[in-house]
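Naming follows writing order (A, B, C and D), and every chain is counted from residue 1.
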């Protein structure tokens, strides 16, 4: 199945939940999905006979622009050997996305990392804490406007 | 009879502990020797790789990829460079491809040797560690005569390599293969088929295939669970399609498919296959220039790519977003160890503390790769 | 410092190079420098080179340096790799757990000064000397095993110049 | 004439001192050089050089290690139970050393030739476990507590096969006295109990059973001294350093010392029971080699040979898990020794 077929299939099932299909830019095509629908869409992608995306390769958070954060899902199917990219845009002032932990358990740590570094909140993640940085760290470093704190626990942070 | 009062023991394992392979901290809930719960805490080596990429130009990122998984720097570089080449549409000369294959496979051997040695160390056998480091030194010497560095190479550049191989490289590699091949049998005699070692590792930490796929396990761990899947064969990049090699998977030899012993054994078998690839490649390196395709300014078009390769630890992916400038907009590294470690709590409950060490060792994690 | 604390103030009067004290000094220094037990502790890339140094090819055991897993048995700690802010307090604690006399060798650029992470590494401690005192710095990213050996020999040189009397005075 | 010093001076305080001092000196020198030997042998097995800077070829390395350990600060953790914490290494060391009282070094030299010698040895060496236990407990460290619990369960379990494997010899010799047992094995290598002891018929019948007993005794003494593959008490990859995790300086050295002293003690017991102790392997063929002064050499070299095997095993094998350790003891060693004991007992009665 090529990406257009997947898109049409998803559009037929989820209607408004699916945003636009982006093709043409190098190298990867992607499908935009609503933040509140992502879990259902992923369950469908995993369980549908013709798609069978049984593995989540990667989940990345991206600081897209001044107002939006994006979560990118790279899916892969070991059964059918094809891949798919899905994106979810959320506004910066209320970055909440449904967790896909129930679909692929890989997502748990990836979502925690994305929360840690970008502050995207994943609703339904069983253990949404900071993972790389200490619990008492201030701010989310991968945001483009991140300012490093001067001191951490009495240790000077900048050089 | 009065009821016996039992208490759970909470133990912190790490960040300094001989068998956590770095600065991992495991928070254990124990009942006697039995592990009730494991909670890995990571981030003690978080070196801000992703923030650095945003401030560096594309070629400047390559040394930082080296330092992620410092046991297989060559493979790390390759995955990143491969993504950029695809994004920019660069054709890499044939000679470069051959050298890259040889280097990556040598690196796989070096990395698996460390895995083998430290695993023996976890089991309490110290000698295999020293033997494997003797062999590893020989691989490092090959890298050293090529690019001058022992551990972190900065060797693969976008479109080419930093240095050509020296004149005596091929003969040295052949000499290494000749020396190393019989040693694999020695490792098998010394450790792999040692009765105590088998008792310790077989049937512990069994990871069923469906859980493995769902939890995102890749590389030797996935193959030890019984799926014959290797990016070099199933999604061939570079020139791997030209070589004849097998993908080792767990067989019903000792223990159960998916246990620690099989995860260990898949690595040993992979070393044999790597030697086969090197043997085929080393004589066929074509003449040519290794830097003819290196662009003066690396400036990919607006776009994004998720490139992945098969490193010794598993699937290493880079998700690179380019906004058309000299610096990457975002580089996310999907590190194999990060995902593989997240499986640990699933497979170690109910085992003994000594088994937990063996299960952790069989996952072959590198903290630099996990924390980035 | 074990025996030295007990000798205490009686030593101070010998401060100026008494013949007997210098000979004892020499022997004790020689003992300390010939048997530096190293902490079995690695941080990052440099730890691999540290392991390579203690493996057969370079063999730290020649100098009487053996790794011990518990900080209580150790004389020297090799800070081998990048120290992050999350790890820094743990390293401080490990250092505090080591019994006197103890020595610190900072291995590699990262623990010397932050190394390649000095500018954008928001979570990297820029130099281990910000939390614990360092005796010898070994530059390199990572230092070759020969460089590490050289650094350890420098620590030995430093120990050779120490004296009981002076140390008491400092304390 | 069990002891030439006693026969010379009679029984007085000077005799006791004169008997004790050489043994202490021997144990001290042995322990120092066993550590060095271990490091050198492991280096040799691993294509390394090993310590070679102090003295010629590193011969003074462990002495200098000791000198360094004297200088180290002695840390006692604030939460530790101080008196017991300080007492533990002394108990461990004393227990290990007291076993030497009944080890015969020659037909004319033994600390005390008790008629309950063997019994005394097993009783006194198992005192060491109390030291390990309180060391682990009083350190107030969870890892050392694990080490203590493991050491108790391990050593107490392995006492049983150790004793059971030694009893066949006692039955054949008809005595618990070490010197008597050795005297019984006179007459060359074939009369040693590992080959079934003196007597042509007994050799034919008993050889396999005595050999099994000897091997089992060796294995279980390995476990009692916490050597690999049974070193779960101080398994560094699991519980860091086990019971002595919190000990620094000389207190730690005492544990080390005790461990190596005990290595030789158990090796000497195995050699006394099964390898003829101080008996020359050539028996009366070359009477000169059975000279009381040469006998020292035989006793010590047999012990050292077994110590070498212990070291060799340590650098070859991985370690067992706790439950496997118990399985080996209760499911294999004890039943086999019981069968052995039954058959040899039957033979002895008939």
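Annotations for the structure displayed:
Methods note: a contact is a pair of C-beta atoms (placed from the backbone, for glycine too) under 8 Å apart; a residue touches a chain by one contact, two chains touch by 3 or more.
No experiment lies behind these values; they were computed from the predicted model shown.
Shared contacts of subunit B and subunit C, meaning chains that touch the two of them, come down to A, D. Located most centrally within the structure is B, per distance between chain CA means and the overall CA mean. Across the assembly, the mean Cα position most removed from that of subunit B is the one of D. Each of B-D and C-D has its own count of C-beta contacts, and the greater count is at C-D.
Taking each chain's centre as the average of its CA atoms, subunit A and subunit D sit 63 Å apart.
In whole angstrom, the spacing between the mean C-alpha positions of subunit B and subunit D is 44.
Here the CA centre of subunit C is 36 Å from the CA centre of subunit D. Centre-to-centre spacing of subunit A and subunit B amounts to 25 Å, using the average Cα coordinate of each chain.
Among all residues of subunit B, those that touch two or more other chains are 17-18, 43, 46, 48, 51, 130-131, 134, 371. For subunit C, the set of residues that touch two or more other chains comprises 40, 56, 69, 86, 119, 122-123. Chain contacts: subunit D has residues 46-48, 236, 240 touching two or more partner chains. Applying the touch criterion to all chain pairs gives A-B, A-C, B-C, B-D, C-D. On subunit D, the positions that touch subunit B within their shared complex are 42, 45-48, 142-143, 146, 228-229, 231-232, 235-240, 315-324. Listing the residues of subunit C that touch subunit D in their complex gives 1-5, 27-28, 30-32, 34-35, 40, 56, 59, 61-64, 66, 68-70, 72-73, 75, 97, 99-101.
Only residues 25-28, 54-58, 60-63, 72, 74, 78, 81, 85, 104-106, 108-110, 113, 117, 130-134, 141-142, 144, 146 of subunit A touch subunit B when the two sit together in their complex.
Interface residues of subunit C facing subunit B in the complex, by the touch rule stated above, are 39-45, 47-49, 51-52, 55-57, 69, 71, 81-82, 84, 86-87, 90, 94, 116-117, 119-124, 141-142, 144. Every residue of subunit B that touches subunit C in the complex is listed here, in rising order: 15-18, 22-23, 43-48, 51-52, 55, 63-64, 67, 70-71, 114, 129-131, 133-134, 136-137, 140, 150-152, 367-368, 371.
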